[in-house]
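Every chain is named by a letter (A, B, C and D) in the order it is written, and numbering of its residues begins at 1.
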Amino acid sequence: MKVAVVGASGFTGGELLRLLLLHPDVTEVTAASRSAAGRAWGDVHPGVAALTHARFVELDLARVARGADVVFLSLEHGASSRLARPVLDTTRALVVDLAADFRVRDLELYREHYGEHPDPELVSRFRYALADIEGTALRGCMALAAPGCFATAAALALRPLATIALAQPPVLFAVTGSSGAGTQPKESTHHPRRASNMQAYSVLGHRHEAEIAERWRAWAGPHAGRPRLMTHQGPFVRGISLTLHARGEFRGSGRDLLAPVYDRCRFVRITDEPPALTHAIGTNVALVHAAVAPGEIQIHVAIDNLIKGAAGQAIQAMNLALGLPEDAGLRLAGAFPC
Amino acid sequence: MKVAVVGASGFTGGELLRLLLLHPDVTEVTAASRSAAGRAWGDVHPGVAALTHARFVELDLARVARGADVVFLSLEHGASSRLARPVLDTTRALVVDLAADFRVRDLELYREHYGEHPDPELVSRFRYALADIEGTALRGCMALAAPGCFATAAALALRPLATIALAQPPVLFAVTGSSGAGTQPKESTHHPRRASNMQAYSVLGHRHEAEIAERWRAWAGPHAGRPRLMTHQGPFVRGISLTLHARGEFRGSGRDLLAPVYDRCRFVRITDEPPALTHAIGTNVALVHAAVAPGEIQIHVAIDNLIKGAAGQAIQAMNLALGLPEDAGLRLAGAFPC
Amino acid sequence: MKVAVVGASGFTGGELLRLLLLHPDVTEVTAASRSAAGRAWGDVHPGVAALTHARFVELDLARVARGADVVFLSLEHGASSRLARPVLDTTRALVVDLAADFRVRDLELYREHYGEHPDPELVSRFRYALADIEGTALRGCMALAAPGCFATAAALALRPLATIALAQPPVLFAVTGSSGAGTQPKESTHHPRRASNMQAYSVLGHRHEAEIAERWRAWAGPHAGRPRLMTHQGPFVRGISLTLHARGEFRGSGRDLLAPVYDRCRFVRITDEPPALTHAIGTNVALVHAAVAPGEIQIHVAIDNLIKGAAGQAIQAMNLALGLPEDAGLRLAGAFPC
Amino acid sequence: MKVAVVGASGFTGGELLRLLLLHPDVTEVTAASRSAAGRAWGDVHPGVAALTHARFVELDLARVARGADVVFLSLEHGASSRLARPVLDTTRALVVDLAADFRVRDLELYREHYGEHPDPELVSRFRYALADIEGTALRGCMALAAPGCFATAAALALRPLATIALAQPPVLFAVTGSSGAGTQPKESTHHPRRASNMQAYSVLGHRHEAEIAERWRAWAGPHAGRPRLMTHQGPFVRGISLTLHARGEFRGSGRDLLAPVYDRCRFVRITDEPPALTHAIGTNVALVHAAVAPGEIQIHVAIDNLIKGAAGQAIQAMNLALGLPEDAGLRLAGAFPC
């Protein structure tokens, strides 16, 4: 199986390459990048230097996609909308997009967070690939929109609540590591400022709220209000730690709440205690915990933002779409401590 | 003015000593400690080594309190209940307790979180010393209970909401640094486990919820429900970052909401953006920010857990009780970056 | 191939289990631990929770070793000396010891750093398994002593200097992460003290100097002086960063110095710049760099202390001893950033 | 006393402002900055927001210097050479330069590291202000060059060795926090890359070696070789940890070696153990420790790079030049833990 990764010089691109190199069904990986063309993968992504001497090729999508069985698009927001159509129209490759372009089907909701969509028709051809929830329903899809990192954690916390009567939509507090901000140095990731710090950001308007709202509506009903996501920057590199709070009645334990939804999920593990973020790092597993009190539910989620929240989930979705074992290439044990 | 710090070998004790050494009205400081008796202060608290060669004395409270104008008790929970009475009964010293013993006046609420109180009568003699809110009302008090670190951040977030009709009690998400866990090494503060980690703890039952609930009832009315505090351990040493979420209507900006309460507070600063935690570190200032949307309010608080959340606020309360300038000894500029 | 790990609850034990679980030639892994017997591996080593539901067995060495093809001993210092003999005498298993017990053949040198050896005869049956240097010479060995973490980094820095005339033995400055201190919380790994800190320790007498001295003598001649190792604790979890300084003349580039020794080593990579420590993390690769000036040589080494410095090198040595491909189970790509 | 800080928006500028605001002899502080003109100090340096509402003025040196008793220049390298002359020629202000421009008197040595000096004559008017060593010799100076941060730590380690016969010049291994890289985000301070990392840099040619070499020559004699400084970036924000290694004979303890030089220094403290870096943070104190073995000496130094290594030492030098108490404005107790 031949796989191309387009826009492969970012942190997510690096994790895609690392995981695809070790995927048992992948025989060839091409990595295309505008900024890194000609450089060795290992120069840009030091982790893979031990495995390959391959070099980045130019970001010529038509050329890269030709002959590929799967094309991952790992580009800045908006670029996929301009580039994806020819691949979809002229090749038989499965396209997995990791940007926000095709995550939101409701164009009004999209507009509210991102502005006018440049190619609305394209949106309808993509399927939102929340792999643990969609599972085998992704089989045969040819265009997948991989969820955002916060959205993945949020959706996994929300899903078990869909059938519970809540007074208000849940609120979700989430903290992300600095790798979520990408490879370009900026003030918010300047080490003297980021180390030992915490800070809320995108208050009352994080873009991932769009896909979260759409998901919640799909599960809890068209009149369900919008969950509120409160995002924070934390002083660590990897991972998202999320705590959900909801007011509603559930008669049973936290595990009773989660088990029906997650017991058969290969990559969701229900924990007995609130999960330590580091226990999820390096794996494609979401750790989920719930605590229940009269009239109140809390759910805790820990994920690796670059694996479960990006590259790992995208590969899991690929596996599901192509009918491969769901965990092919994803039997990752996290190094600990990390 | 002579001041004694009893139980002075912990992190809070160290900060008390550091700040009192530089307090313009304090002429003499005695530090008593069971575990550190005989050792130089600077061996235990390296920060003060540059200022003094003083040594810890034995923890003989009667002796230490004799002749003191102020006695700070910085002991493990429960110890103050056993030790404070003689000081209160036989000396004229102002007593400032930094443990939880005297923070909760409602004994039922206390029992729920801490078990039976060993000396209930004593509780009524203490005043809860949330310094920024109580202000000059503390003048003349002789026994002060310094609030808990989380409780300080939570109370400062809650106070501006007291007069707003809320559908439900607010929920508060808070993250603390490892210094909040004290000087004794333990699994949750073992560096290989704590670094780069985040984890919820004391789920559905953090002890500081007791004093928070009592404060909220005092402000919002006897029938107000209990705010929910969700505490997390973060991978940094100092500080508490707190985000409050409430559903209710406020017509105005975030600053409009906060200004009436905090504009004249010496040690609360309203920020235009959600505060960076590091901007509060090293100071006695609480940074507070609010964001308002239709039907929804978020409040962000950043404090130094050992200063505003402990030693600094206790000294501020002492200043207020004794009629000194509120900021005596507390004109602290935080070193930045830190 | 059946493998037993004895003393499997520490950080090194956890990494051994993680790597052995994914080793293509290993069909069965048994983990024995006194403190963790009965618990699930994943409860103790969260990284492997995604891969197995196996549980620790009692630390009954005779029973554990029976039928095993390989036995890894990952015990506190001294324990292997008491336990290893029966395994060596009564089974045909390859024994790989990860403690210091059998690393030093010169009993005088051993005594100087560790005291009297409890079973000197046993020492001579073990081979020092510095895998990258020994290579195929380990083939057929039945008892291997895996080098210490600092010693691994130090030896890899020293080896290329063996044939150069030096005015004095080299000096080595090394910094280790907190995972090197093990799983038991202690003052030096208490997060409030370790975070943002650096500190020299074991000044003029780190135990790893013994095996380093013996290695250096073997390479540079019996009269070569002892290299000096200066160890420091750093504020990170994983890895050792080492800088060597030597006064001597080498006519050529840094790469010229290193290439003859390391060009054909599967797990040593010569870098063009001083290596970033994080680039080695998660892999079994040692990154090595040299800089040469008139009369002066500097060598920089970065390794993952728990992999190259412990579990990974031990498995590499096992592979070499058993005639397996050197990189079996060790084709690890480091997650980056980490 | 009126003080101006020119180029006050960097980290060093911020620390100068913070310390000068609390200096008992300073009545007025003006802060000039090209990039921050018009902004509140507290917006740029959050630590001082609690103390002042002052704003930055334009970087018009003539105007700023007029009427000032002291002018601190905290500019990028080279700018002081262009700007300092008019201030020196037309005002009676003490000028303290914190850049490298005037640190090296030997123009050949300067050239080697920095290129041609733009105004050599000016160099001779400045005095190298290594405050702890120079002490009262700075009295009356009108132009001071504050040492570099690494150079400060290095010089304090080297000074006690000046009278000892060494086989070779000492080698110094040093690790700096990210604040040393300044306020501009760059790849080496991008949090995902800097966190948990260590890396050698400026190998065989760090610029501070120039001033170190000149100092060493002044102390150890004109034919003394150059000490080698090996600089590393560490994963912390503040501080420099330095370990010196020398081969030479000293008959006595480490304290015997250091005491004659440092016993009467207000801001150097000899420690019994290798100093923890965090124990120096927030203070103007250099912590110094020595260990002696036959033929070998190690010296460990810990300093706060922005205080002892920059702003604090500059103010100490100002105090000495003006005949003020050496510790005026510098009685700083470090907050701990930090």
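Keep this in mind: a contact is a pair of C-beta atoms (placed from the backbone, for glycine too) under 8 Å apart; a residue touches a chain by one contact, two chains touch by 3 or more.
Note that the structure is a prediction, hence the values are computed from the model and not measured.
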| item | value |
| --- | --- |
| Distance-maximising chain from chain A - centres being C-alpha averages | D |
| Repeat of the B-D interface, chosen from A-D, A-C or B-C (over half of contact pairs identical by residue number) | A-C |
| Interface with more contacting C-beta pairs, comparing A-C to C-D | C-D |
| Separation of mean Cα positions, chain C and chain B [Å, integer] | 46 |
| Between chain D and chain C, distance of the C-alpha-averaged centres to the nearest whole Å | 39 |
| Intercentroid distance (Cα basis), chain C paired with chain A, Å | 36 |
| Where chain A touches two or more other chains, by residue | 11, 177, 179, 192, 195-196, 235-238, 276, 278, 281, 337-338 |
| Partner chain B, residues of chain D touching it in the complex | 11, 14-15, 18, 21-22, 45-51, 179, 195-196, 237-238, 269, 276, 278-279, 281-285, 306-307, 331-338 |
| Chain B to chain C touching residues, read off their complex | 11, 177-179, 181, 183-187, 189-192, 194-196, 235-237 |
| Chain B residues within the chain A interface of the complex | 167-168, 171, 173, 175, 177, 192-193, 195-201, 203-204, 228, 230, 232, 234-239, 241, 243, 245, 247, 274-278, 281, 289, 291, 293, 296, 298, 300, 302, 337-338 |
